[in-house]
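Chain nomenclature is as follows: A, B, C, D and E, assigned in order of appearance, with residue numbering initiated at 1 for each chain independently.
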């Protein structure tokens, strides 16, 4: 079902003005009771759209349900209530075609070379080998990994391994990229540089990107919009438009508007983080 | 030797205007050749002073020699050339009295309770038990750990364990605190909250603090001065004065000057980080 | 928490069920009654052996030999582990040997040990020692390798001396792994000593089992086996409990 | 918890490849101390390396050595096959079923710590006196470490790999073949290293007690006839064989870990 | 098929079997014997025998008695070795000991408690009235016993043929068990009872073949030595020496089949003496079947 939802949840001011690529409608996720523990309401209800081709970031305190949200959108776990629609089809039980996911943890396969890692997804799809080779070469070149095509992940640094995973996702030519803190393990400076790669990728492919991150800088610097989540059960407190042009980069950090945006996001997050920490 | 050095290295504009607590004079560190690898020039030459009672942060790309610098200052490893003077005595071969170090890695002792962890350093010093108890109780209260005095580190989160290590350092009543990325493992929001604790501690004790960090926010928000290091072998490219009042906190992040400072530091670091990444 | 209790409960059920199955199978004659006797009779026979004290001296002999060999193996094995830790080059070349070491039945060296140590308990004790020492060394090494470097740096920050550092930091930090070594040393010493008695010697627990087997004395044989299994089981339980305590503080988070 | 269980049985961590020169030095050192020990203790107590090699040659050329070796090989390789296949299968099941694994793990460790040789009479009573008893004895020595390592390997498969399987929409068979098995293999190989040695030990022990054929029987005869050269020659042969396999497995292990 | 013979390759009990196989006596009797199996320890050999294709064996009488006491269904079908001619007690070459009486205050090593060597030494020393004066120690198998002797841990140990002939140069015989205890049955032929019922002819053939072996052996000791050496893989000289030693001793060593109840009862008494079995009546007739023996070998 096409869903040009025009009103979203509690925030009428962030009404959708472009075609929705993914529509999340009053989705919640409750983990069933287990081992004598009571059921856990992890997320929602959340309603929002990912616009066609936008770069959307999600920030929020630890454990607020960000990864849970990503799982719902990816079809990796079902919504307890509500629904998720991707390209007019409801997402249910399996990952839809055209969606790629990069996880927070290093998901490169240590038994495959960088090349074979990147080719992994397409090889399974029965694409002709020449096409695979072409796509992989391009993705590796793009991620600055051409020289390492024959290396194994263990020979690379953490950041390079994440680039391998991004290349693997890229090779699938996804229309929607979901990234769960892909640079969580890196230091701030390296993260920002990796962020620039992401931007380049996004510009080049024109796909929709949803990035989950712990870093406010990263979110503000890279996104068209930043969604700020409350402590668990996570809902969006606000969704902030940055107004950057498509041609942004890490130099944008020197724009004075950057500092202001950062202060705003941090202000919104502060109370939630304190809540989440139980301080 | 008292060292009111008035000129520092390549940067005459950051001449010392207060009494130097630690004076580092043209210090370098070269790691000897080993296992067929050639010798590695990791640091320097570096010359700068830590002023009495200041909060000094060091930022720099990965592997540029920040930890090496801290080791020199702490007396944990010797300078290959040059010298380090702490309170008029040259630092050589051992950690001087009055210096406490908090490491990047979790250094809590898993076999001791939080209380015993905090008391560990003083117990070795032969302080009377009542004095130990008083100091530890105070440090734990200060770090918000009173309720966990009888817990073991395994029962705490990573952030809380780092607080235990800080409490252990605090109990020593050091005149110089050296902190090597104490919050490296935490997410950005939690880091900033922990940073506030550090500020409180610094204000209360009046000791000199040198903080090594990967996070530009943290450095800018917390410090009197931020030293920016080049790629390896690390030297200071610049030392930036923030001009914050002593009563700063994470609200400071909303000060517009904060964004500007951040942009400046990031600008200085950008090329160095790219170099270090080998991109 | 309830999960853990369920696991313990299920485990007990599995064990009890196996014993009951054996009992029923042998009572109903599914297993040849000349070769196998029901567990209840084994227990009864074990009890009689204990009460009559016939094999008391053999048991004491085995126990005392094991005790000596365990003490030797743990202390020397610890030192060996320490040496391996300090000399990474040695460690690298020895790596394949540390595994293949256990493929050769060391019992074959018994005759030479007799010549070396005389015809007494020492050859067996040395067998136990040789079988256990490598396990102890390997686990000591493993433990030492796991002591985080940062704890050593902390020691220096706190102006601790060499001895203080070893006693207050290295040892407690590596203890869970060193303990695993001690545990294996105990197990391996018993395996070698009882095995040696079984194959070669003229006295002790293992010898008496082999002797009973040779004399078609199933009652005694199964009684002795029952005693041995109970004994090893109890040792295991105690070691497991100690180990749990050692680990507990470090893994509470995983268990919670 | 499980990783610990596995590590208890494991050797030292993979500490990298030793340079050739070190290996040469080690072998030289071992030979030298052996030679010295043999001089000190007397050549009739501990034959020298040379004497041992000569004896080994002699053993190899004696007419029925081949038959004994074949018997042991048959028993050992059958046992190894059973221990490996059975151990991996059981380990996979226990690894995949968390509850079953938690229930059985301490039981397995307890079984591991029994002096199994004292139970050999039972094995004989069940399997009779043929080759099957030796095989069974080899299997019960070697299978437990393989089970424990495999179980640990499966449990330690990182959850993110499961998610990868779903993201790439692999069938269960594809998932197992392309992701789960390659992910678990290095740990399993570590288990094989110790499983191999213990299976050999078990088979030989089986032959030493109540058997008429095989290397174990020859060893027992040599013990009974107080024949140190034969003992040393056979022990050396076993040790060299086990070490060669151990080195090969270690190399395989390193290859699988890709310089990790 | 294989036959089970105790101490094949390291005891003299197997000589008739080696000769019979070599000379084709088994084939003549109608049974195809291809080899022999054995194992350490008497009980194990009995179990071996009972588990074989032909559940027959010449085994230690003591082990057969133990098995019967445990309810194992087996039948004794012929006598094996009837004397202790292969069993002697030796000291080091330079030892001052010359006779059993010299053992007073000395140390004697037997294999293990309740074993035949335990029993033989107990009976011999008791007969001489010096049991209390001799310090007896268990020293394990022959090799460790020999080591103990060389190391001086004991003064005298047991030794059996053919090792005795091999080591003749290095040791000195102090006394012979056969001189102290003239009649003691060491081995008998046994069969699993159910098998015996169904296949009496097979067993008859074995007994027949073995008997021919004994007869030939006694007539041709030289050639038999060569045959034994070939089967046991030992030096022919030693094998011949061993056979000659045994033939020189008093009494019958290899029985052509006849059972010697006197020697069997001596064994029974000895086992009670060393507490290997409980005291009590023992009915030979229930477990012995003489019907398979050649007529001239049956007891009257």
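Please note the rule applied: a residue touches a chain if its C-beta (ideal position, glycine included) is under 8 Å from a C-beta of that chain, and two chains touch if they have at least 3 such contacts.
These figures come from a predicted structure and were not determined experimentally.
Counting hops only between chains that touch, chain A reaches chain E in a minimum of 2. Shared contact partners of chain C and chain E comprise D. Among the other chains, A has the CA centre that is most remote from the centre of chain C. Looking at contact counts per chain pair, the maximum sits at C-D. Measuring from the averaged C-alpha position of chain A to that of chain B gives a distance of 34 Å.
Centroid to centroid, with C-alpha atoms defining each point, chain B and chain C lie 48 Å apart. Once the centre of each chain is set as its mean CA position, chain D and chain E turn out to be 40 Å apart. Look at where the CA atoms of chain B average out and do the same for chain D: the two points lie 51 Å apart. Among all residues of chain B, none touch two or more other chains. Annotation for chain C: residues 111, 115, 200, 210, 213, 251 touch two or more other chains. Touching of two or more other chains is recorded for residues 41, 44, 141, 143-144, 147 of chain E. In the complex of the two chains, the chain A residues touching chain D come out as 74, 76, 94-95, 99-101, 103, 105-107, 109-112, 120-121, 124, 152-155.
Interface of chain E with chain D (complex): residues 9-10, 37-41, 44, 47-48, 51-52, 141-144, 146-147, 163.
Residues of chain C that touch chain E in their complex: 34, 111, 114-115, 118-119, 200-203, 207, 210-211, 213-218.
Of all residues in chain C, those touching chain D in their complex are 6-7, 10-11, 14-15, 32, 35-36, 84, 88-89, 91-105, 107-112, 115-116, 138-139, 141-142, 145, 180, 183-184, 187, 190-191, 194-195, 198-200, 205-206, 209-210, 213, 221, 225, 228-229, 232-233, 235-236, 240, 247, 251, 254.
Only residues 61-62, 144, 159, 187-190, 192-193, 214-217, 250, 253-256, 258-260, 262-263, 266-267, 269-270, 273-274, 277, 279 of chain A touch chain B when the two sit together in their complex.
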